[in-house]
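I've put the structures underneath this note.
Below, subunit A partners subunit B and then partners subunit C, in two separate complexes.
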Partner chain A sequence: MDASRPFRLELTGITKRFPGVVANDHVSFSVKPGEIHALLGENGAGKSTLVKMIYGIMQPDGGEIGWDGQKVVMSNPKTARKLGIGMVFQHFSLFEAMTVLENIALGMDAKIPARELEAGIRKVMDEYGLVLDPHRVVSTLSVGERQRIEIVRALLLNPKLLIMDEPTSVLTPQEVEQLFGVLRKLAVEGCSILYISHKLHEIKALCHTATILRAGKLVDTCDPGEETSRSMAEKMIGASLKDIVRGEGRELGEAKFIVSDLSTGKLGHFDVAVEAVSFSVRAGEILGIAGVAGNGQNALLNALSGEILAHDASDVTLDGQPLGRLDTTGRRRHGLCAVPEERNGHAAIGDFSLAENTILTARDRMSMVVMGLINSGAARTYTGKVITEFAVKALGPAALAGSLSGGNLQKYIMGREILQRPSVLIVSQPTWGVDAGAAAAIHQALVDLAAEGSAIVVISQDLDELLALCDTMAVINNGRLSPSMPVGTVTVEEIGLLMGGVHGEKAAEDTHAVPA
Partner chain B sequence: MQFRLEKRQEPSRFMLYATPVAAVVLTMVLGAIIFTTIGFDGVGAVREIFLTPLINPLKWQDLAVKASPLIIIAVGLSIGYRANVWNIGAEGQYIVGALAGTGVALATWEMTGWWLLPLMIIAGVAGGMAYAAVPALLRVKFKVNEILTTLMLTYVSVQLLNYLVLGPWINPTGYGQAQTRLFNADQTLPYIIPGTIVQLGTPIALIVALVAWVLMSKSMFGFQIRVVGLAPHAARYGGFSENRTIWLALLVGGGLAGLAGVLEVAGPFGRMVPSFPTNYGFTAIIVAFLGRLNPLGIVVAGIVLAITFVGGQVAQTTIGLPFPAVGLFQAMMLFLLLAGDILVRYRLRRVVRLPAAGEVA
Partner chain C sequence: MSPELLIGIIITLVGASTPILFAALGELVAEKSGVLNLGVEGMMLVGAVICFAVTYNTGNPWLGILSAALASAAVSMIFAVLTLGLSANQVATGLALTIFGTGFSALFGRAYTGKPLALFKSVFPDALATHPLLRAVFGYSPLVYLSLAMVALVWWFLAKTRGGLILRAVGESDISAHSMGYSVIGVRYAAVAFGGAMAGIGGSCFPLMLTPQWVEGLTAGRGWIALALVVFGAWRPIRLLGGAYLFGLVMTIELYAKAGGGIAHVVPSQFWAALPYLATILVLVLISLRQSSNTSAPACLGKPFLPTN
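After this line comes the complex of A and B, so read on.
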């Protein structure tokens, strides 16, 4: 990095207001050529808004953007791409039924003959060790492979700045390493990278500089190498971080929740079913289920919560009671509560008030229905309790669920289930998109619930979360669940291999093809 | 100057109630313009259609008679629409309900007793339900779209009506005229306001709306309907069965349409005739949406649509406006309402040209 060269990207006093909030408040920082620059912040801190302005999707209300020493106006993404800015979004925009090549062709501004484009794709893939067959149909690809399409698409434009939005949230540890290899190579060649993430150890491992945003304002620009994960997290949330407090000398009780040979049929065209899943959870135990997204987690959660019925009642038992043929309402009456991954439209209804959302799952256990009529007073009281005990930022029980931020809604949903004191709680992605402070509170609530003797199952793609929280772990891959292993006896590498479904020959092939 | 639609943080409650009113007012304005340009007295037409029925007390009883079936059918439809069950064949369920009631009346025409009318009403509701059960079964078992089946069954019901009235049910003393016997006094709805044509159907309509309002806003039944309609995934998570809800929605919609049918045949008609279908079942769709799928709003919307019917007849005689013009006004109202609905979730903002980056510090 040559200090005399102009900055690749220079933001000065960028400000963006939305009705009711200032998403970015005079944010200024700069990125040098070949620098891997992290953009760090909690949900709602303004990272996405900032990046959208750099990529021309939104226009700033104030401030200016400099590019290689020149002042520029990013009027739309096409302008940004012309200047050499590439972006890989967190949510891929790919057509499932089309091939890799067709998808890439659709995303190009210029019309390039298929043969030329394919040659270009193969060249980029060779150069960066990305393995992908251009003629595969997207629906047959894993999430990691799909991300490679987006990366190749961005690299074809020879970017001078590559923006990556939360790229590793869907990858196995091994895939993350491969991705970092590609990014480091790009940086050495002079491409700047703006890397958005909240995974602090990744930022420490990869990035040269980190800019931390909090509530739309720039808090600090620091060298991740000199910071600890904890110090960066505390700058991010603006308060000191609490550790999970576990009771001393905790002993796990009898096997409480037993699942044996549970299978779901194939549900939808692109869904993964679960096959012959067996595990048991003891009273007081937290079982973590790791896995890359799209390996049957949704089917597993639905089969455990009762949204999908089991073949036999005895496939799912709680304290010896067979629950397999009961729906969600029946299972809740027996003390089994669940939180699905998707908040909007699944765990909660945006157009309903929080009190109404409470009725959705707590009506029986918290006696909110008398003779078919809703006791809205009871619903409001319980909702108020959830709001207070879980520090949900909301105007009150009458606030629409859709008006809450993602993190606050998640706190509400977790609180709604945990305060019902279920004897078994199944949660998927309990802290997805939740800020560090709120995540710590949710983790603590789960640990406390377990300490009272409940059995808890946490399905998550965040290995760090599972390792910090769980007593035992299992891995789901392609709808099959590995045996449970006590945390502490298993390494991250072993879990990573199980997550990738790598056994024997496929492992050899992967290592051969991808020198990471 | 440019305008831009901007998503609101929360749906606007003001717009939720303001757009139906705006739709009615805009319909009057556009209607006046359209009919003036094609050579009618446009302003006069709008005045006769929308204002005369309200100003002239003699027309109020006509409003009550027209509004009652519309309200009953629309309340039933609104419950289905809340659950995303699109029953657009209320006309057919209305006809079959009326036929079921007629069947009871004809089978008992020599009998007397207070129980005749209740029995006919039960038969009417059951008839409407049974006719709506066909699309429900097809939807639940074979995933057949209920929009198609309910609509197509309407045409079947018209043929059934014609067959019965021309064939087995024809009045034996009617000189071959295609109509049934006149119902006897115990088979006919009593008048409830002396000296008017307002019958028992009107208070029944108000009670139906009130009961539906309580059910939809305070009961688990209404909660389930709303959850299934808004978020099918959340409904499954909450323990509500989608199939059960489809059954419930169609049976309630069909039952109420059947109720309206039997009240109409035992009321204003007094016998079954081939001209019995008057598109109440279709007009009720407009009523349901204009009333914001809220039973109390539907009462108001039912009266508004009744005004256009009554006013249309007035305009026909006073300024020679063809009666189909009423349909034009009603359709315009529905389209303007649906178009205006975007303002509930979006606001219109004037776009000021953005200053180039740098001009504002």
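After this line comes the complex of A and C, so read on.
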């Protein structure tokens, strides 16, 4: 570090308390100009809180923020933007019903005439190779395109520091590469980047420095190039990482769960239907379905779980039994359980206790209803068992589902279904937002369930997860499913191409492209 | 149909629509910012009674209109403090506001029951305002022209100005607007106050244009029609104008049916009186049938915003 150049950003002893938790406990680190600095940590480690304070959305309870050698107070996001801090949020802060142009205008502090703004947008898009039509309404755009809006918006302010909060969780591998290209170019131009993620290989590929947080405390600042993914993961969770243990000499049985030519109609305005999906899962097999969000995963899960009925009973069969015309309750009775992606409101009811939520899906298989009356003792006992076996942090079976953190609720839901010992389990995003330790436990539970002869379908956007967990993989794109491929015979690049729809991606981009 | 009758119908229609148009425009702005204020009827009644009292005592209708706007805006602030400041339920609070407005206007208006008020007539020269054809253009109360100007103003504000963009953004996603540094609560206070003032002006149309005598419940449920109109107009000022005049037409049919002969007398007069409200229900049913195509409703409508998140 050149001594004459001050740090772009310097945090000293930043502390933030919420009722009951210390989200950040005396966190200190600094970012140089042009440095890509990773902020690593589990969910709940305090990364988001920390960057919200840097961006002025929240105020620290203690500590100081230094900017280019000066002590500053970030009283609100406007102050931060004035200094040259741009932020791309994890959950995009976009207005669905408005156009790209209007969304970007809202992120500008100065009043800029629409025409000048549009010219500025096109200039930034040209310079960094980002393609967007300024006049499209956001609700019609893909997730990758939405992120580009946020990036363009941030770049228009000529930022000196760009904060990216988990930017790649929704992108295809190709989109990730494109994004990294933009970020590297920015860094060369002298812009510092604070990059929040828990994807370790990305951090190794992109970042110069990594600061690791655990439970609100800084545990280490290291050079990701000299660390392994494993060593960084262990620093994040503060314990050694467990590998998935598979039984030796595992043999897959007969085709158990067969789906043939399954189609759904369009569900809603922005949903993609599935068309003529066929696959089969053998006893003991875990099939992974990869795909970028919004390519029909919701429709597929609903069609498999029984929320949407198939046209023909034989479209979905389990051990030869046709289930296609049965609803969720009927399919559960036959041993088909499902976990949808949305936890609160779909997989569980926030205002119900855990025991009540248990009754909703486990009543038949675990005999919790006798002659139409609920046996609440049985529900409580079973819920207690889920809480213990899956290490759910909850006050007990009477705790409201809505009071649990996202990760804990997910552990409860996964446990509730897995302990029913289903013959077929369909799960969407099993470890989304769950910390690495708990994710490992959930993965192990899935592998153990498969070892007992169940057929499992995992729908996920996390390729690493699918590659680690599954025996076979298929890719869903625009409602169509690719043939199943044994894991180990395909490369990440091939899967990435399928996720982007190979030719489809290029064609789609061209239709959105605008003359520069 | 004679031209005189047609002009008569147009003039009656425009007059009947104007109070609803004012109130609905105000509510549209409030709803665009994400606040559902069901207290429109109450605020209109407060505006009506304050306007009556001030105009009766000063003889100046402009002063009456201004007082009505201020009084209703003040009443809307009760709603704003409860729902925005204390995150109370907007539906319940809005209903309570209507009950309050009804009671307040009945109590305050007792002293004026049966007293006459001069109508606030056209300010154009008599030659223009009495000529049969020109009457359809120049024969209205200044309030009518004000309402049309407000439609244009609200449209321009929402569609063309940065302030309007921010207001729509707040109604579309309060959390995003907050994270960008916009004052969600501040914008909503302003929008509710505007909604209150407009409801007050709408209320003042009753004593100044329609029934120049104080009677309890003067607005006769027009505030509810204004609420339905916002949905009918799909939160767009220009469509709102069309909707208001359509409702005005239905109300005019009621008046002419009561006065006319023939078939109108076969049908009980209660039916004609109920017609505007039946039309309201019908319109709401039709709109909910094709809800999916109607994406212009503000996404955060009626949801409380807690800035700590």
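Throughout what follows, the second predicted complex is superposed on the first by the 497 of 516 C-alpha atoms of A that agree within 3 Å, B and C clash if a C-alpha of one lies under 4 Å from a C-alpha of the other, contacts with A are read in each partner's own complex, and residues count from 1 in each chain.
Here is the rule we go by: a residue touches a chain if its C-beta (ideal position, glycine included) is under 8 Å from a C-beta of that chain, and two chains touch if they have at least 3 such contacts.
These numbers were taken from a predicted model, which means no experiment stands behind them.
By the touch criterion defined above, A:369 reaches subunit B but does not reach subunit C. In the superposed model, A:94 lies in contact with subunit C only, and not with subunit B. Judged by the touch definition given at the top, the superposed model places A:402 against subunit B, while subunit C stays out of reach. Of the two partner chains placed by superposition, only subunit C is touched by A:77; subunit B is not.
Judged by the touch definition given at the top, the superposed model places A:347 against subunit B, while subunit C stays out of reach.
In the superposition on chain A, A:188 makes contact with neither subunit B nor subunit C.
No residue of subunit A is contacted both by subunit B in one complex and by subunit C in the other. Subunit A contributes residues 13, 19-20, 59-65, 71-73, 305-307, 327-330, 332, 338, 340, 342, 345-349, 351-352, 356, 359-361, 363, 369, 372-374, 376, 400, 402-403 to its touches with subunit B in the complex. Touching subunit A in their complex are the following residues of subunit B: 6, 9-11, 218-221, 223, 226-227, 230-231, 233-234, 236-239, 241, 354, 356-358, 360-361. Listed in rising order, the residues of subunit A touching subunit C in the complex are 56-57, 76-78, 81, 89, 92-98, 102, 105-107, 109, 111, 139, 268-269.
Subunit C makes touch with subunit A in their complex at residues 162, 165-166, 168-169, 172-173, 175-182, 292, 295-296, 299.
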